[in-house]
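Some structures are shown below for you to check.
Two complexes follow with subunit A in common, the first pairing it with subunit B and the second with subunit C.
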Partner chain A sequence: MEHSSRAERVLRGVLITAILVFFLFPILWIFLMSFQTNEEVLRIPPSLFFKPTLINYASLITGKLQTAAGSLDLAFMLNLWNSVLLSTLSVALSLLLGVPAAYAFARFKFRGSEDIAFTLLSFRFAPPLLVLLPLSLYFQDIGLNDTYVGLIWVYQLIALPLILWIVRGYFEDISPDIEYAYRIAGHSWLQTFLRIAVPLARPGIAAAGLLAFIFCWNNFVFALILASADKQPVTVGALAFVTASGIQYGQIAAAIVLSITPTLALALYAQRYLVEGLSLGAVKG
Partner chain B sequence: MAQIELKSLSKAFKTGKVLDGLDLSVEEGEIVCIFGPSGAGKTVLLRLIAGVEEPDAGAIFLEGRDATDAAPERRGIGIAFQNFALFPHMSAFDNIASALTAHGATVATIKAKVDKVAAMLKISHVLNHEPRALSNGQKQRTALARALAADPKIVLLDDPLRNVDAKLRYEMRLELPSLLRASDATVLYVTQDYKEAMAIGDRIAVLIDGRFEQVATPASIYRAPVSVGVARLFGDPTINLIPVNPQAGGDGLSCEISGAKVGLGAAQVEGAGRSMLLGLRPESLVVNDDAGLGGFPVDVVAVTPLNEKSVLLMRTRDGQEIFASEAGVENEERKPGPAFARFDPARALMFDEASGACIGSRP
Partner chain C sequence: MTSIAAPVRRRKILLLPYLLSLPALLVCIGILIPFVTAVYYSMLRYRLNLPYLKGFIWFGNYKEFLTDSEFWNTVRVSLEYTALTVGSELLLGLVIALLLQKQSRFNNMASILLLLPLMTAPALASLMWKLMTNPNFGVLSYLVQLMGVHNFQWASSPNSALFTVVLVDVWVYTPFIMILLLAGLRSLPTQPFEAAALDGVPRRFVFFRITLPMLTPYIITAALFRLLDAIQQFDIIYPMTQGGPGDTLLVFQVRAYLEFYQYTNVGKSAALLMILWAITYALSNVFIKQWLKLRERARGLA
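After this line comes the complex of A and B, so read on.
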């Protein structure tokens, strides 16, 4: 890189800035919007200078939305709590089921193993709406409609294939000899799985878990159809900002900022596991 | 009582048969080297004994018990893999301790045993390092320490010196036999280096194409290989194999090499009148300018001095290339050119050209 000329370096800097502005500006703008009143947001021309207000956050947290037409109840904090609950439990269940399954698919060649793995992936082929219609009928019959259990179950369609396929690849990359060495040293199959395979696949499990969490968090259509108001996550709850007296841009922006926060925090936390090297130089290549 | 006993052990993969009816009995405290060319099935054999693979047929007895179907963790084996297979997320100490933690030892016992084996293998100073911070030699020693830490009755070593540099390999070749003997274990040692096999093994089991071609002490394998295949694997340069058609005469067998009549002694009379391969170890050939008795003419093509010895590449009149090696000091004036080679018939080997089997009794 030290051979690049001054012009090249300047050009590279300009391009990187342009790309960053392109991708980050909307987020910055939303962040700024969340501190403005609706009137300031809708002002033409828009301005970077305004008197920041916390009214949007206040109304989200208290659940009272003051509009020109009067006061309106908002269930945003409940929505946020639902999102946290649904995504966390879904991903936890998926990890609990998916990681051992991924290990089985990676290590044991049993009859139909490839077919089963492919079938699990194929859940993601069909558009969700195609699955949803029969699903909502079934769910009404067996009483899972509008329950957390039902939603978490359906969220497995999103999270499980993702975790299964990503983590499987990581398990396959671990030299089987490392696991054999631990077993021959006198440890059971289960101990080997828990103390060797899982720690070594941790970057993959972290990546898959994070992705699954993001996909669950951002899911809209499952919750829209299968859940009623008190079980709905933020993605569906955001519809409430489109009110009879207009669209509440300020609140929407504040809601977006609040709903990005948990995912962002999780991503930052998972980052240290993501960057861990995989095999860490144990096996002579 | 045999510590390791294999009974007609066979294993096939989709690509074909790998091991074909192996029988072997290893006594307590014995070190047996499994030696053979790559692809002969050496590693598969170790994996069968370790319980990582299942045999198609045959039985494995360990310490007198049938262990053919036992889980790997119940076999009481210490193993060092060729690729080390250290646990990358654990320190060298925890790697070595892994065999001890499984058997519920106390923290103090574990520490004492790890320290002891680490001192023996000179890795005490790196016990806190993770494998990625270790040099290849240290990794190899850690893997070895892990195999020995729990004082297993049976130790399997899969070419442990393959991935270390030449100097360390040489050191370890000298150290390993005493280390292994100090541990009292019965050892199977896989290698594809004949020098290593001869330096380390009490006996060598020569594995060729999935069968034990010969199981014997290093000296007797070198002196009396049962077949051309075994003879070729031992020795550097490799054994010279000269096609001959020996004839019986008054004073035993004789044959024609390079246009000269050469006496072969009386030991291998059953080879008379058949196509045979005369096996001559390079160091059993004497080369000089004197035709004399039993000498045959050769052209010395090249002389390669290797300090302690010189290797001569020679060509017979029939165009066959043969090697001779001579102790270094006396042949400094050796020049390429015509010469005569002779050998002691008692040190010559005779193989049936068709079957490759060694003919006649050998000392």
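After this line comes the complex of A and C, so read on.
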């Protein structure tokens, strides 16, 4: 591997540069576009040099869009808030349900344990619409349609399998001997779980939670079917926003930037755990 | 896997794991109910706009598919989309993983930055590409014109729509393959490579006879993961083109969605999704076997 010639090093450099440009340019371009006025966006040829303006962000945040035809109301900040609310609460609930279950699957062999674990895993791979379309009819009947509660419950489909399988791996890696010792010292099962097992598995729990948050945030189809305008997260809201704002391209770009920044920032923060999370615990990074 | 139950309180402890996993179990059941409903719907003649025609027709919806050219178009488009995306992503992902294999500050940085597209919501990614390919000001439309190709209409022409959505899919998901293969490459034992280097084995031989075979479990797992997602594609195609132009991009889930909401044909939509489910179920069984093998291996290394 060591005898790399000069031509090869140059080829490598060119390839890596091309790859980085392909994967990073779209994000950079949207970012730049979000600081341009509409006239600058429409200018041909496109230019990397322009006087940055915050007008797009200002109109998104104030919710008022000034156009030639008058003032237009924007609900985009509500979408952003919905995304924060839905993702945070879904992950919190999922941790509450998933961590004890993961512990049970890791520590006890009981009848049906593997069946439940694998059924949950298989949800990750089933077509979401298969369940969502009948569910939307049921939700209309029982009044859960277009409610945060209904959405958070359905979001468990994304978060729970992820948390269950990653955290289970972490619990299995911890030797149970420490827990035996603590139990023999006279502590209850619950104390052992809360004071020994959970703190030891904390990196895994944190990683699973962060990833589940990213996946909930990025989900599109659940809310498309189960939520109307005032409950929609950014993924669905941005689509409606494009239709509503027509040619206000600068605002669309700013909306996209605001929508992808949280997940990109979290991903950079949690990148150490991404490999493990993305492979549901099968590959360690 | 050993129980930490103290024998004295055995009975109480035996209940404990069930209590702990009960909420997860309830979520399972909560999801299985609409699933069973979907199975039932798929055997109904059921249109929301014609409720009086509702009736049980066994496998009528499925039988109709056999002679339905629209259905076969959906199968063809879905398979084409899956083959094209997974094929290109595997190839490109492998190349990138090999380029970044050596641990260095630059390579690690690059591999982290390359993850950003994967962390972008696919629905938003497709809006980004829609802006980039906008005929009026899109930077890609401009570049294509500079290269002398005029009238290239990206997602709005039936000739290039598939190409465009495949491109977006490649942009979003290649990093997924890359990161799994990179982790795989870096976890390979070094001895075979050192021995090959000592013996002066040609690098092509090393790649095809040592690297590739050792990497195969990772490649298979990554490919199956992507296959399972790609056959169910919705998040990119729907925001980009709603399945159009015409029927060029009506993959399974997009067609089922339109069948439900546009034509309010609940029965047909459910039958379509059942067929997709059967495909993914078969694939996921193969996948879970591979995934478990890899999981055992990772935990052995840990």
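The rule is simple: the second predicted complex is superposed on the first by the 227 of 285 C-alpha atoms of A that agree within 3 Å, B and C clash if a C-alpha of one lies under 4 Å from a C-alpha of the other, contacts with A are read in each partner's own complex, and residues count from 1 in each chain.
Here is the rule we go by: a residue touches a chain if its C-beta (ideal position, glycine included) is under 8 Å from a C-beta of that chain, and two chains touch if they have at least 3 such contacts.
Predicted model, so just to flag it, every value in this text is computed and none were measured.
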Which of subunit B and subunit C A:S175 touches, first, second, both or neither: first
First (subunit B), second (subunit C), both or neither touched by A:S259: second
Which of subunit B and subunit C A:F105 touches, first, second, both or neither: second
Which superposed partner A:C216 touches (first subunit B, second subunit C, both, neither): neither
First, second, both or neither for A:R183, with subunit B first and subunit C second: both
Which superposed partner A:L80 touches (first subunit B, second subunit C, both, neither): neither
Of subunit C and subunit B, partner touching more subunit A residues: C
Contacts of A:A201 with subunit B and subunit C, given as first, second, both or neither: neither
On subunit A, positions contacted by subunit B and by subunit C: 180, 183, 189, 279-284
Partner subunit C, residues of subunit A touching it in the complex: 1-2, 12, 15-16, 19-20, 22-24, 26-27, 29-30, 33, 41-46, 96-98, 100-101, 103-110, 113, 116, 118-123, 125-135, 137-138, 153, 156-157, 160, 164, 169, 172-173, 176, 179-180, 183, 189, 192, 214, 217-221, 224, 234-236, 238-239, 242, 249, 252-253, 256, 259-260, 263-264, 266-268, 271, 274-275, 278-285
Contacting residues of subunit C [partner subunit A, same complex]: 1-6, 13-14, 16-18, 20-21, 23-25, 27-28, 30-31, 33-35, 37-38, 41, 95-96, 99-100, 110, 112-125, 127-132, 134, 136-137, 139, 142, 171, 174-176, 179-180, 183-184, 187, 193, 197, 203, 218, 221, 225, 228, 232, 234-235, 238-239, 252-253, 256-257, 260, 266, 269-270, 273-274, 276-277, 280-281, 283-284, 287-288, 291-292, 294-295, 298-299, 301-302
Contact set on subunit B toward subunit A in their complex: 47, 50-52, 71-73, 75-79, 81, 83-89, 98-99, 102-103, 130-132, 136, 139, 146, 150, 163
Parts of subunit A lying in touch with subunit B, wherever the complex brings them together: 175, 177-178, 180-189, 191, 196, 199-200, 277, 279-284
